[in-house]
Amino acid sequence: MCGIVGVHNHSEASNIAYLSLYAQQHRGQESAGIVSSRKGVFLQHKAMGHVADCFSRAVIAELAGSSAIGHVRYSTAGGSHIENAQPFVVNTAEGNLAIAHNGNLTNALALRKELEQQGSIFQSTMDSEVIMHLIAREREGSLVERISRALRRVEGAYSLVFLADDAMIAARDPWGFRPLVLGQLGESYIAASETCALDLIDATYLREIEPGEIVLFENGGMRSYKGALNGEGKKKQHCIFEYIYFARPDSHVFDRDVYPIRKGFGVQLAKEHPVEADMVVPVPDSGVPAAIGYSQESGIPFEMGLIRNHYVGRTFIEPKSEIRHFGVRIKLNPVREIIKDKRVIVIDDSIVRGTTSMKIVKMIRRAGAKEVHVRISSPPTAWPCFYGIDTPTRKELIAASQTIEEIREFITADSLGYLSHDGLYWFDKKGRREWFCDACFTGKYPVALTDNPEIEKAAREFINRKIIQ
Amino acid sequence: MCGIVGVHNHSEASNIAYLSLYAQQHRGQESAGIVSSRKGVFLQHKAMGHVADCFSRAVIAELAGSSAIGHVRYSTAGGSHIENAQPFVVNTAEGNLAIAHNGNLTNALALRKELEQQGSIFQSTMDSEVIMHLIAREREGSLVERISRALRRVEGAYSLVFLADDAMIAARDPWGFRPLVLGQLGESYIAASETCALDLIDATYLREIEPGEIVLFENGGMRSYKGALNGEGKKKQHCIFEYIYFARPDSHVFDRDVYPIRKGFGVQLAKEHPVEADMVVPVPDSGVPAAIGYSQESGIPFEMGLIRNHYVGRTFIEPKSEIRHFGVRIKLNPVREIIKDKRVIVIDDSIVRGTTSMKIVKMIRRAGAKEVHVRISSPPTAWPCFYGIDTPTRKELIAASQTIEEIREFITADSLGYLSHDGLYWFDKKGRREWFCDACFTGKYPVALTDNPEIEKAAREFINRKIIQ
Amino acid sequence: MCGIVGVHNHSEASNIAYLSLYAQQHRGQESAGIVSSRKGVFLQHKAMGHVADCFSRAVIAELAGSSAIGHVRYSTAGGSHIENAQPFVVNTAEGNLAIAHNGNLTNALALRKELEQQGSIFQSTMDSEVIMHLIAREREGSLVERISRALRRVEGAYSLVFLADDAMIAARDPWGFRPLVLGQLGESYIAASETCALDLIDATYLREIEPGEIVLFENGGMRSYKGALNGEGKKKQHCIFEYIYFARPDSHVFDRDVYPIRKGFGVQLAKEHPVEADMVVPVPDSGVPAAIGYSQESGIPFEMGLIRNHYVGRTFIEPKSEIRHFGVRIKLNPVREIIKDKRVIVIDDSIVRGTTSMKIVKMIRRAGAKEVHVRISSPPTAWPCFYGIDTPTRKELIAASQTIEEIREFITADSLGYLSHDGLYWFDKKGRREWFCDACFTGKYPVALTDNPEIEKAAREFINRKIIQ
Amino acid sequence: MCGIVGVHNHSEASNIAYLSLYAQQHRGQESAGIVSSRKGVFLQHKAMGHVADCFSRAVIAELAGSSAIGHVRYSTAGGSHIENAQPFVVNTAEGNLAIAHNGNLTNALALRKELEQQGSIFQSTMDSEVIMHLIAREREGSLVERISRALRRVEGAYSLVFLADDAMIAARDPWGFRPLVLGQLGESYIAASETCALDLIDATYLREIEPGEIVLFENGGMRSYKGALNGEGKKKQHCIFEYIYFARPDSHVFDRDVYPIRKGFGVQLAKEHPVEADMVVPVPDSGVPAAIGYSQESGIPFEMGLIRNHYVGRTFIEPKSEIRHFGVRIKLNPVREIIKDKRVIVIDDSIVRGTTSMKIVKMIRRAGAKEVHVRISSPPTAWPCFYGIDTPTRKELIAASQTIEEIREFITADSLGYLSHDGLYWFDKKGRREWFCDACFTGKYPVALTDNPEIEKAAREFINRKIIQ
């Protein structure tokens, strides 16, 4: 879960990159970085924290050059160190090369071991370093050819932008797990994870970069290599979670607008799990469009009954006994007056461990609600993601081991309803459900989990068992 | 526009103060500070920026002691310097004294000149320093008596918490311009600007500190001096803008809940200025409750058609010609798909200069809206505030010189409707409209503008003229 | 123990002030600050640490204006807080006023209590704040008159520079405890603690500012008010310790050059306490000139047998048992090869508690010295200073309670010799020994210790006793 | 020009490393870093600036583990970036490996190109990264064997410490260009550039690590591989400049004490270039021992006539016309009183470009000196160093193109004398002059300048020409 951007042929490339990262801040708050290229000299700045805190006017001014790539990184278990901040820059026989990566490889560990056996050294734990080694070892052909050959060796999710001495390159894995779009601003090209990055800088959205496509930006021009990374058995596998939670609602992702899809989840949910109640309350901000959909379909009034504190940042909380429930309170507070003595439907996008949902239910009940009905705008999350969404282990996923009734009891809700698989794909009118990866709900991992064979085996057994039953 | 907190008799007073400030971050993002008292030694930390950035676990740990007061400061024209950060600490003949102040005095300049003539020296431009001088010059009686005599000399808005060597004191001006509430957490007392600060720490809301009241917290106990600051011609003058915009919607302010009042503004607005349209879209976040009210009253669907970027922080923008409209774009982006070809009602809380509204209207129109109707959940803002809300000069207020039709034209809306004065007071069933200060709409300044006589004169002439007509 | 500077009528006043502070870094390493005045607006920057770390080119560039004053502060027991950093700036009825102070008042506490009784408030523990209050309370006459009347009320040591909206003022106490000199650079005037500050900026040394003199700098001109602060019983009392230790050896202080005086101490010491040895080794850097004098007088070779680490800064040392003697080792290391099997004379400027001397003696002995003879280039330090030198309490001064033989035993030296009182004044050919304050050796405090009566009483008893014996 | 340290088998390894770096601060002030190993996890901290500023108690506490290596880096032309700070850490097939390097390779560029052709990627411009790649590509044998084979491929100067998961290794090039010593502290071993690092922590000096030796520290024990890196034509080439300028005078380097050697240079200089004068004044601090030697040999009194400001740090100077000569003044100031009307002999260690010497001569003359005689305690520096001393290009070296008389004229001295080559080797009683590298004086580069063939050619021509003449 990261956001990337590449800007080609703009006199203020790093400033454009900065604003684009800023628009994609929701994709990663841990670190931010920009690398620009001025006449073959690479200039970079990376720091921990929010984009607005990492960069100052003076810093951006120093990142001169007409091309730049940038990255925001999500906080993951792997360790919050500046060493893991991107873009990642190296020198090779062919010159400088920088990379910004969104996604997660499934055979990085295996490739890394192989490279180490051949004498490669590593300075980080990032998948991107593996990719760079593979590219550097390709010694023949053009940059596009070398990148293409290298990327054909990796498996899993990758939306990438590269910066070379004289060129910029964008590439997307053949499954298209993560979004990557192309925009134009005057004579400049922009590649970014989400269209909201283009909107902020008033750029025109051209199209998605296709799964398996490599795009070369050079001398102000653009050249596409469609299918460069495709191959047998590689078909589209868009991450359904981008629609459910991750992308900004004003973005256009996988050729569809997010807001209407997310609102439709709420409409479906109202059809599948109706309940008599006085109001529909979203868990802000991600639950808002689905709650609006639920409200419009059910006719039950929508209310902003939970207020979110948007200044969370790196707040710390002392876990002393007198001060409890802070983990949730720090972010959310109920509007007591309107909840009191009411029957409340709470709309959230997913339940992971169940503890947060439990705290929210209890908080609403203590604010005086007579009934609390939880509706989730996606199916039960039962399998971890290995393609770039940060999820806990299967053990920690409550839906991996508990029935829906058990989950309801755990979160202390009066009723609980999840969106069905069919409801999830309400927007698909052409029977292309198989173009989406929903392994987190189904365990059907579309790309082999080379580095995690035990999970793959468990998922297969689970699926077979289900079929047999 | 600031937020304050005082915590008495808690083993982790500064930690409680920190969390309370955090909940009140919306009242001031420029600086934050906490002072604690440990056995007569005052410990303090003040810094520029958000609460979560100003304090670390280690800093809070050093602010030991069982009482603490804190402050968040809004960025005002007066200059963004650490010197103006609060709480403000001094030594006097009676020991240490710290103050945290929300509000604005109207005779601070006059008092300051008088004090300087008597040989007082000043180290800041804060009103609070004037108050401290006045208190120090009171040499007789108890601390409460001295504070009481000093405060009777100042005019204007003040909600205050003081920290002394052995006591904490809360005080509120006799007009009650700014909110100040009292809460309890086990054996501890908390005074804060808003109830959302009490909610975050799970404290119980006891009551408002009354206009003109002083409350002394000592040895774990509390003693009230109601009416201590009252006097002739001093009646309640609650700031109506706290309901319109400033307070958090989940707070309980001036003995009423904010959310239902704000939603009611939308209901009234729908009645006063109906229009045929396809959707009601709030300018987030402040416009949301009013938009819900408008939607429910009118039956026109509510949609979150503008998405707000919540990571704004100290973002800088390069004002180059190619990159336009950034001032608004950086915060808001329309959801194109749902706005396209639609007639949109936009709900905002107020129009100040008109430029932001104009940019929003244009942005929505460029996203494809067929019609854009603007509805404002308050009357035209025509007069500057001198009681603590940061407004521009009268010259800059568009409603001071333009008719509503001229404003509509300026912001390029298809129609424009402001809430009426009667609609504003929909919630007042007991004819107590005069308990509120609405000088920003009416020019009726309830407390003399000693330091700004020319504005007071202009307002008087304006009011007389209107009456004569 | 601080360093001050004032620059008048220079287009880069703050840059000149910065360089002057830098040259006076030895007078204070805890904090540094500069205030400049541009058309009546005061601009300031203060920070903890060394001058070179506190100021950057950008910071100095912001401190615009043609006059500036600066200050470096020594770390004292009073607490190392930014609140105590100088210059100290206030607003008064007559405008802005900033002060930079070197010295220590003996009646500050009494005056402060009196001011507090009259309602004054204090924001720091600095003597300078007392001075500012006194000035602000003088409401009649010119700035010079008001400052003059205020300063006549304070007792003790003060070398001061003030910055007002249109003028700069330098003032020195009537006893002349601390140095203060006047220089010229083109059409600019510079007042500084030491002449080394003038040398660095290539300014011409004009003269000392006389004890009791006030100098007004205005509109590029200079006007002297000699004797403005004089009065009955106030005669010169130059601090002899500036010659012994504090001033830089290349400075010209109290109308004499420091280096030759300090070297002369060594010459006298050689005459008074000769000993057969192989080399004379200074404790660097302060002991160097005296050691050269001792060597030249005795004919015993001078060697730099102790090497000082000049990068000490804010080094911390973990006091674990395995790693010992670090307090001294961190600063000094013996040159083993030349010390080994030799009889070494070590020259230091003073012995305070005795622990450092003991560690040095032991270190030299462990490096192989056959004999270690300690020679101190001043008499025994038996009384604390109240005029601006940071000394420990009388209890901690080893010479307050121990005989010279006892001290020798404590520091484990083979022999110990202190410079005699007569030897100390070798440079005085005109019988003006009484123009110097040597209370630290004699207990004869020339200015009443109003805030410390018990020490004054003890000293008087001690002196009487000695006379009777 | 850097300083390194390795600590093995100490419960506070990183604290010991910190203090050792601190003692070696004179070897590099640009950046400092420490890496420790705790159960196979590497912990590191690197920062720009002085050791005391880079590390805090808290930072050291986090660098847990019983082994640690550290590095201080000198500011070189290559760019002052944190990316070039050491130690440098990588992951290889055999686990973690960190390196700290003092010296400069002469075939790094050639090796780098070769490695890049084989697909290696580089993240810095450091020679050390080349070494790490070579080691990682050695896939057979023990760590010592792999390091040994890798180092046999590099040419030039390297004193190294490595940290591996379970071991620490020290290695020194077969020529022994840079110092590297071995010490013991209880059951711990310490490898450091200079013995002053051992002194500070009270460790016992055991011996030099020999040229060509590798030492393995494992499980609290030590194992030596003498001659591991030796080979045909590789004989000792100790850097003579360590004696002249670089090492601390209290260190024991190349099996000799620095101070007596440096003092001897002064004795020789007095014999070779006597002159009638009133005093001998060193350019502090490096000129002090030679000046003492000159004084003792000549009988002319030694005086500390130039005072050095030891707080230089990162001082910036505004180069305005009114404020001149600052580049020198900022560091040095003459003691006017003793220099005035005197004939002064100034002792410095070397002349590089000549501009600093010129400024010093002029400064002394303006302080009133009648005559200024410059004596340099080394031969003319005519050739750049490629083995680790940061010198300018040959073009900039004044002695490369000017005769001694021309240099004297340039620096405006009354007379100028350089130490002769024979005088330089006064300490060598066994005819082992060829064990020292003095290429900077002679152009006889003992190790091929693979990456700088044009300089090597020029030097060879120069030497041949001289022989023919």
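Letters are used for the chains, namely A, B, C and D, taken in the order the chains are written, and counting of residues starts over at 1 for each.
Assume contacts are C-beta pairs under 8 Å (C-beta built on N, C-alpha and C of every residue); 3 or more make two chains touch, one makes a residue touch a chain.
These numbers were taken from a predicted model, which means no experiment stands behind them.
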Determine the centre-to-centre distance between chain C and chain D, using the mean Cα coordinates as centres, and give it in whole Å. 37
Can you compute the centre-to-centre distance for chain B and chain C, using the mean CA position of each chain? Integer Å is fine. 50
Got the chain C residues that touch at least 2 other chains? none
Thinking of each chain as a vertex joined to the chains it touches, would you call that graph a line, ring, star, complete, or other? ring
According to the definition already given, which pairs of chains are in contact? A-B, A-D, B-C, C-D
Considering only the defined contacts, which chain B positions touch chain A in the complex? 12, 15-16, 19, 22-23, 25-26, 29, 50-53, 56-57, 60, 185-186, 196, 199-202, 248-250, 252, 257, 259-260, 285, 288-289, 292, 295-296, 301-304, 307, 309-318, 320, 322-326, 329-330, 333-338
Quick one: which bits of chain A touch chain D in the complex? Just the residue numbers, please. 89-93, 97, 113, 116-123, 132-133, 136-139
